[in-house]
Amino acid sequence: MARLINNRWAELALVTGLIVLAGLLLPSNYYFRVGALVLISAIAAVGLNLLLGFAGQVSLGHAGFVGIGAYAVALLPTHWGVPTLASIFLGAAFSGVLALAIGRPILRLKGHFLAVATLGLGILVAMVLTNEARITGGPDGMPVPRLELLGTRIRAPEAWYWIAGGTLIISIVFAQNLLNSSTGRALRALHDSEVAARAAGINVARVKGIVFSISAVYASISGSLLALLNGHITPDTASFLNSIELVTMVVLGGMGSLVGSLVGAAVLVILPQALTVFHEYEHLLLGSFIIAIMIFLRDGIVPTLRKALLERKAPEDRV
Amino acid sequence: MSLLNPISLLSVSNIGISFGGIHAVDGVTFETSAGQIFSIIGPNGAGKTTLFNLISGVYRAESGIVMLGGEDVSTLPPEALAARGLARTFQNLQIFFRMSALENVMVGAHVHEKRRALSHLFGLPSTARENRGTRDAAMALLERLHLAGVTNRSAGSLSYGQLKRLEIARALASRPKILLLDEPAAGCNPTETAEIDEIIVEVAKSGVAIVLVEHDMKLVMGVSDRVLVLTQGRMLIEGTPEEVTNAPEVIEAYLGTGLPTMEASHD
Amino acid sequence: MLAQFLQFTMSGLTVGAVYAIVGLGFTIIYNASGVLNFAQGEFVMIGGMVTVFAVAAGVPLPLAILLAIAVAAIVGVALHRLAIEPAKDASPVVLIIITIGGALVIRGIAQIVFDKQLHKLPGFSGDTPVNFMGASILPQALWVLGGSALIVTLVTLFFAKTMIGKAVLATAANRLAAQLVGVNTSVILAISFALSATIGAIAGILVTPITFTNYEVGTMLALKGFAALVLGGLGSPAGAILGGMVLGLCESLSAGYLSSTYKDAFAFLVMIAVLLVMPSGLLGKPSAERV
Amino acid sequence: MTMNRLWEDDMRFLKSTPVLAGFALAAGFSLAPAMAQDIKIGAVLSVTGPASFLGDPEEKTLKMYVEEINAKGGIKGRKLQLITYDDGGDANKARTFATRLVEEDKVVAMVGGSTTGTTMAMGPVFEDAQIPFISLAGAVVIIEPLKKFVFKTPHTDRMACEKIFEDMKKRGLTKIGMISGTDGFGKSMRDECVKVNARFGIEILAEESYGPRDTDMTPQLTNLKAKAGIQAVVNPGFGQGPAIVTRNFRQLGMTMPLYQSHGVASKQFIELAGEAANGVRLPAAALLVADKLPASDPQKPVAQAYAKKFQDATRQPVSTFGGHAYDGLMILAGAIERGGANPKAIRDEIEKTKGFMGTAGIFTMSPTDHMGLDLTAFKMLEIKAGDWAIAE
């Protein structure tokens, strides 16, 4: 029991420490922007980790929800005068309800079948955003009205870094709350054995729907923040490649590790920035890095390192 | 013979299912009541586990009826049966390997926990209270099954015997009225078997109806109130341990396949 | 009316045949190793690009084709040896991510070795369309359809008749058992990667005269091929073919009759609907969880 | 496990994460050596991804000509340093690189933005930093409404529509069908065409579209063919789509005039479409027909020189896309030459560009016109026997 609580606070302290430390060290707006992108991606990755890493349900369409969140803060204020903050919540609510409604039938599918169904879902969202040009601006996208807080318009990457950092910490707290509850135990249980979970009285369809919906809300909020940071949004946000990138973040960082989602997001956002010096070798190197990480840190970066550390430090712990 | 006896906790009547034209379970009928230990034995492939899957809602019966406390539950899914007080273990372990031993048992208490995903997400005080209650109960069960030493260990790192007991603890965590145990002692050494034996008797005494599938004849004959013998999905005989042991058809059936005690454990 | 319908159908079948062959390539590797290889589309790219560049360098077409197939097969084996085998006990999701990394690497190399331009090959039998009951069809489309049929036949025969084919099946069914009876499963897995790459490359060569090729055509093809494979029923070669054809027909018929803007959307809606009714795909066997 | 021990773990763990390492790496690289007196200019281009056929020649052109300028001693004795990033066609990445150019690389100006989407995403970064940004993308929205620091060199898609409709009017074609790509270019041009068609008395009877990665457009074209009264078809789009449309068009035996856009203004289109390309008309800059321009045409030497240099260096067919990069770089070089290497001064000088002869035509910018091209610079071309010909 003590250990459980300790783990939780350690995780939170680690993330908060990292965010604050990096925030104090970052030298320029560019670094703040990259940092903000890491944190914003991490929010979506934490949500997807609940679904993929903890509940074991694959989604190849999560960028669709990122897109919904992004366009919520672009469309609602532009066309209907909804305040930006309210738009974030409306987008999140819409994503959550949509996920709940679609999740019920789709989540009956297993493994790769679920992957393809969610893939289709993501592509549908991207297509609507691309094709309904009168409202969404089409493939070239549309501008996003700036967020106004206390009368000031927030546009500096540094401000967004701290906003995203705060949001990420809250996201992790909520994720921890969930995991440390009956619903959380239920969703982790169904990952390992659906039949045993059902025998224990878990309504598997309901729990899957809930976690799908929660992860959609995370993705949507991440999308809203991304749109507000950028000030301009294109349907690429919802593209299949971004869905794949989110999954890669979760798997690289470590399925079932919330800190891992932050690390995975950091790797996939920062690595391409670092690799630009190699120009045309960039993609080749990025692919090689991903392969190498997965071969040598098979359970993902954080779980593998944690295991290695624990094994070295506390061999007596293992029997 | 009045089979659908309303006093009986669990009654199964004329139940059957077939896979690919082969009758895996065919016309099985029995009933059992609170505090009783009812055992099902039979050679490999006799349909014992299939029968469990039918009773616990994993498979839906093609024919026949399952009654639970007087209610027809033949078409209900497993989670609905769990809510009505039915718990089970699995022959080939169905452990939540990514969770700790404690958490495995806590999952067992799911039916008694509130389904309020939002208050779980926000971590309201009610959730913390609920967690404490569930955790304390789970700790007590771990202790009862001699697993207190591995409380926080990942289930994936436990030994086979420990996992067998963990499944029983998880099933007990739901405070069941009926408990289906699928080979609880398989793969356990004599000491462990004796411990399980003791727990089964203790649980039955507390008023739980136990249905037991087991290969260990000593255990079965020692604890059971009634025994049912299955071969090829059909009932061979049902009666007290003495009746079954002395029945000529049982001796005949087992001569062909080797005595059940001699069978190797399953993986 | 009939002519129009035929035109749509031919279009759907030709496009579908490509999805089908990519899906078939997926199936072969999946069956042998349980890996969903998202670099499958890159084999198609290699087939097309190597042929184009060899022909441009003066190599006669038949030789260029053989060269392209050889290169693809080598890349397939290299992918297995360098990326998949070192991680062979990893979880399926991790293996998928590895193949995605592999696709990035292959594409990254192609972008350096070749170029970023679009390229085409001349049609094998010219580019003059033939008329079939009012629908006009490119001879190359017939090559694609015929080639696909031939590939499917050969793959079926390979598994049914040859020792290697049977060894692949045995490895797929039970790797440990196959090892026990003396099958070198590592070699068998390498062979299945090579075979899958070969099929992909042939598809790439057949379609380049119609669809063009460049260093990143693989991404979209992998996506569609994966969808075809799952729609048809994971692991079933016939299912992959059927799934590809259904997907292609859905796209062209909805482009023709409903809305060209949302044709992909219709295709995916049909696919989701099929999966909801048949959760194991069109020809997949329902998998009962053993308890 | 005690709290303390866990903390220790965490600290070690923190050091081992690639987060900081990554930042350190990025920081190290961005401090790449630059001579103090070099003038830094940036370029964010879609060198890979779906728009790579734009970004690739653009990047090659910029590198080639920066080298040439430096070989000749730079601008007023100061060398140019070109910093390029590949956004892969992704607007979000483009914006990050734009920020990087401004914040880290401290460029004085930027030539780039291959697509309208990436340009629109980057625009505010340069506006905020007050650094001039010459975009190489087509859509009118880039300069309309006018943004103080944003310019562009290619003809707008609206001009392309107008050019096509003008030509149709001349030929007496009034009822048309459209088939457009759903990529940014195709969609944007389609929208512009639908805005201006009435002015030319042209009626759009049917519309179809296709995805940027589609490989067969016969279903859409079959529908256009079946629609009664269509006298011509317009195909806004770029990349492989228009080549496939053209081939499918001939495959279906459609004989009405087919108009492509300036999005295919490269010899590559003719290579891909093959025989089917013959008879296709499209509006494009004179660059493509440099050799066929009359000797009296003042644009001839510029266009010819660029085409030759590009083809010799890359052994790839010349495209107007690379030409736009040439125009942008040269306009920028001229502005630096006149006003020095201060971003604001450069902006003011770009706006004063007058009579600059580029590959796309003569540029004369003004405080209200940040492109400076008119329709006269645009030629209507027809493909004849596998080569460009001037159709007017």
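First chain written, first letter: the chains are A, B, C and D, and each begins at residue 1.
Throughout what follows, a contact is a pair of C-beta atoms (placed from the backbone, for glycine too) under 8 Å apart; a residue touches a chain by one contact, two chains touch by 3 or more.
These numbers come from a predicted model, not from an experiment.
> How short can a chain-to-chain path be from chain B to chain D, counted in steps between touching chains?
The distance in steps between these two chains is 2.
> Which chains lie in contact with each of chain B and chain C?
A
> Averaging each chain's C-alpha atoms to get its centre, pick out the one most distant from chain B.
D
> What whole-Å value do you get for the distance between chain A and chain D if each is reduced to the mean of its CA atoms?
Inter-chain centre distance comes to 33 Å.
> In whole angstrom, how far does the Cα centroid of chain A sit from the Cα centroid of chain B?
Comparing mean C-alpha positions, chain B is 40 Å from chain A.
> Could you list which residues of chain B touch at least two other chains?
58, 90, 94
> Listing for chain A: what residues touch at least two other chains?
Within chain A, residues 3, 131, 195, 280, 282-283 contact more than one other chain.
> Touching at least two other chains at once: which residues of chain D meet that condition?
Residues 47-48, 182, 209.
> Please give the residue numbers of chain D that touch chain A in the complex, ascending.
Residues 1, 3, 5-7, 9-10, 12-14, 16-20, 22-23, 25-27, 29, 32, 47-48, 84-86, 89-93, 95-97, 99-100, 102-104, 115-117, 120-121, 123-124, 128, 139, 141, 182-184, 187-188, 191, 209.
> Can you list the chain B residues touching chain A in their complex?
Going through chain B, the ones touching chain A are 56-58, 77-79, 82-83, 87-88, 90, 94-99, 103, 106-108, 110-111, 113-115, 117, 120-123, 127, 130-131, 134-135, 152-153, 157, 170, 174.
> In the complex, go through chain A and note every residue touching chain C.
Where chain A meets chain C, its residues are 52, 58, 105-106, 108-113, 115-117, 119-121, 123-124, 127-128, 131, 194-195, 240-241, 244, 247-248, 251-252, 255, 280-291, 294-295, 298.
> Under the definition above, what is the set of chain C residues touching chain A in their complex?
Contact set of chain C toward chain A: 36, 82-83, 86-87, 89-94, 97-98, 100-109, 111-112, 219, 223, 226-227, 230-231, 234, 261-262, 264-265, 268-269, 271-272, 275-276, 279-281, 289, 291.
> Please output the residues of chain C touching chain D within their complex, sorted ascending.
For chain C paired with chain D, touching residues are 4, 7-8, 10-12, 14-15, 18, 111, 115-120, 122, 127, 129, 136, 138, 207, 210-212, 214, 216-217, 220, 252-253, 255-256, 260-261, 263-264.
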